[in-house]
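Chains: A, B and C, in written order; residue numbering restarts at 1 for each.
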């Protein structure tokens, strides 16, 4: 361990690669394999047919046995590469198999059948993407509904969070007023209190509001995030006081100062909070799990979890739906990677 | 804390102006009520108006529940509404804390709770060590003058954004009986391992998957700390002929120490609350080998045949007290760092 | 009618008084400069007039109406901030239009006013730019333009030139003077730079320690400072201030010698006084006529004038301004004489003693 640490701290100028550089790249290369590998494996697997998923050892790419249509047979027949008795190989379609003997037919000469020992044939495989893994559960199960619910929760909750958090942050950063310290303490004190702690009473509050099994039960409780207030306030504190005073001299109402001066100037912090909020809401699990028990109001995460309980054997659907759940996040990440990373590094939150 | 990049000049396309127009419309809709409020209340009372919506949500979904939780924890029965619950005093706590020996969960009356505590502690210790070690290594590697730093940073970071369910399913698929990992094991001549049947393996993979999912976050914090160390200190050390190992132990680590502390406490706070990934990955099993405190609370309150809100509330009050102390610790540490 | 009236205005931050009772009346159309060293309260006073600071005691009236407790946005004043405080996310046009939009002015009227102000300030070509894409001088003009379009009752300037380099500062100073001549509004201008004060002001208000030291036209302040503070603050290089006394006969004694021809009888015999004389009123002369003989420490030759810094026996530091170029060099002795018509005498409390101001008993 110390050896690696030492490698990683040695600083060398540009130019010839020092051996510590090689060690660094080795660590990073291993990281690429360990971090990307599983996701890549998931995506590749999600395109495999149920039969291909059962193979062991598994093939890397989604492969499936080639099938051909042969005149005179209503069903497509599986294609094999057969080693003939004279040593030559031919591609034959299998009509049926009885015991150790397979009855085969040459697709080019559909009239005659050939009897072949079962161990003399190898399946002919081709790469094939089982798109049905995606289309079937979306059609057969409630996944489109889950997707819709997740989108609705994420968008509405994020919008509410942005508005009420920014208003609170504005009050706490621009004004001096009685009770400000108390309000700040309330925000900071609850920064790390997760909903886990108040699961039961929030459930009561939501029940009393008649919201159980409604998407609003998921949207409302988490809307006033202390993290958001804190993050926005810290940023708004850096807006020069002069600008606020200039706006007051310009006869702007307090609402206008908030909406036309402070909000646009806080755009970077608002963007960070937007991304955080989307991430929190899209990935939210425990609370929706507790409060959404009917399948028609469940979100993608809950649906997916329920799915893995019900469909243990149907990995092909489960994997495909996992990819569907992951994709929006992956897209957001691809576009905003640098931005999210610096946002988190600078706020120390997520 | 506030070094978010300043706004860049926005390209002014038609979409931007459309967005602007939408924004202005929204601003105009809310203007009259706020203007009226300002006229009635005066500028000095306006902050309360701006604070109000957030405060209502906060009160309803944070402070009120904290209060109700305390009520729940001292009442019994199965009713949800507090006034219908008979007062039982500290009975719930006594029940939770009734143990023959605190070192052995099986001697406790509520052994599931104590198994949860023991599992969470085990998880927390392993997780803290592994998380700090691997994210520190990653941060040190990323802080070197390497090519493609942005790419490698992204490699460590992207799992942070994945949902716990997705993370757990990805690994579940790899770790299953006929999965990729067992394929590798058998190709090396080993026997297939049933990872989720063996308690030790289940705990190992719970920690591993959590580290896999979250180390990018801590790597970023540590990397920010490393990059805040002035270059000239390293140059001075080089002029002094300092060996790399001493540079690490005498310069880098001491200067990074505040960030390391923050990371340690953050990992601690998050580990104590661990639930999602482990729950989906192992379901708490085999048996109760990976059942954590939060899962105990969730199960007791919602998933069991008899919903025992009082016991769950008492457990969450205890967990809340621990988290509160840890949060104070974290605030103390970040404040010291800022000073 | 006075454009602005301050009545015993005070500002306290807890136990600390920043403004200790200011009375001032500013006429319509006047350009008044508040000047003083940093921390004298001049910016605070301006911000109290603006409505950006609360008033602890006293009253502020604008055009006769009491605005003491009126919020800034209702007072109808415009302010140019030291930092300019331009809205960085808005174009130059939007910056200037913002106040008019807030007032509900119709769009065509806004456009007309902004265009007119932009033309006046040579900003027409920059209306679409963001402040970040402008030079310091241009930003400064936008800040002024933002005030002009409002057509405010009073313009307030808070050290508007202090962020400009020396050359631009002089140029902008001239423009401001021209602007005042052209639009003729009431202006209050805060600066710590006495040259700006002298060149721009109709009247200067010298502030020190939260109090007004003296109010008057620039040359009045220069020629007839009421007290030691104003004497020392106005004029560059500073006025020479030398310890003196009055002898029994009423003659002014400097370094033990009576100054013939100096004002007599300004104070009781034996009182410690300070004699003030500006550098340009110290002349080189023959040794026989000299009031003092200075040992030259440093000579600054500026071409058109020469400043000589020296000391006379008794540790009397002297600054002497000589016309044109002279051959005086370091370590030489320079006999000097004070112009008798330009002597200032201050008593122990720092108040000016002049024949026309009777000595306080």
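Simple rule for what comes next: a residue touches a chain if its C-beta (ideal position, glycine included) is under 8 Å from a C-beta of that chain, and two chains touch if they have at least 3 such contacts.
What you see is a predicted model; the values in this text were computed from it and never measured.
Put simply, the chain closest to the centre of the protein, by Cα centroids, is B.
Counted by C-beta pairs in contact, the busier of A-C and A-B is A-B.
With each centre defined as the average position of its C-alpha atoms, the distance from chain B to chain C rounds to 60 Å.
Inter-chain centre distance (chain A to chain C, centres taken as mean C-alpha positions): 66 Å.
Per-chain Cα centroids separate chain A from chain B by 18 Å. Taken residue by residue, chain B touches two or more other chains at 7, 43, whereas all remaining positions touch fewer.
For chain A, the set of residues touching two or more other chains reads 253, 256, 260, 264-265, 267. Counting partner chains per residue, chain C shows two or more touched chains at residues 71, 88-89. For chain B in complex with chain A, the touching residues are 1-7, 26-27, 30-31, 34-35, 38, 43-51, 53-55, 57-58, 60-69, 72, 80-82, 133, 137-138, 140-141, 144-146, 150, 152-166, 169-174, 178-180, 182-183, 186-187, 212, 217, 220-221, 223-224, 234, 238, 244-245, 247-248, 252, 262, 266, 269, 273, 275-276, 280, 294, 297-298, 301-302, 309, 312-313, 316-317, 319-320, 323-324, 326-327, 330-331, 334. Within the complex formed with chain B, the residues of chain A that make contact are 1-2, 4-6, 8-11, 14, 20-21, 24-25, 27-28, 31-32, 34-36, 38-39, 41-42, 45, 54, 56-58, 163-165, 167-168, 170-172, 174-175, 177, 180, 183, 186, 188-194, 196-205, 207-208, 220-224, 226, 229, 234-235, 237-238, 253-256, 258-260, 264-265, 267-269, 272, 279, 282-283, 285-286, 289-290, 301, 304-305, 308, 315, 318-319, 322, 325-326, 329-330, 332-333, 337-338, 340-348, 350.
Contact residues on chain C toward chain A in their complex (touch as defined above): 47, 50-52, 71-74, 77-79, 81-89, 98-99, 102-103, 146, 150. Residues 240, 242-243, 245-253, 256, 260-261, 264-265, 267 of chain A touch chain C in their complex.
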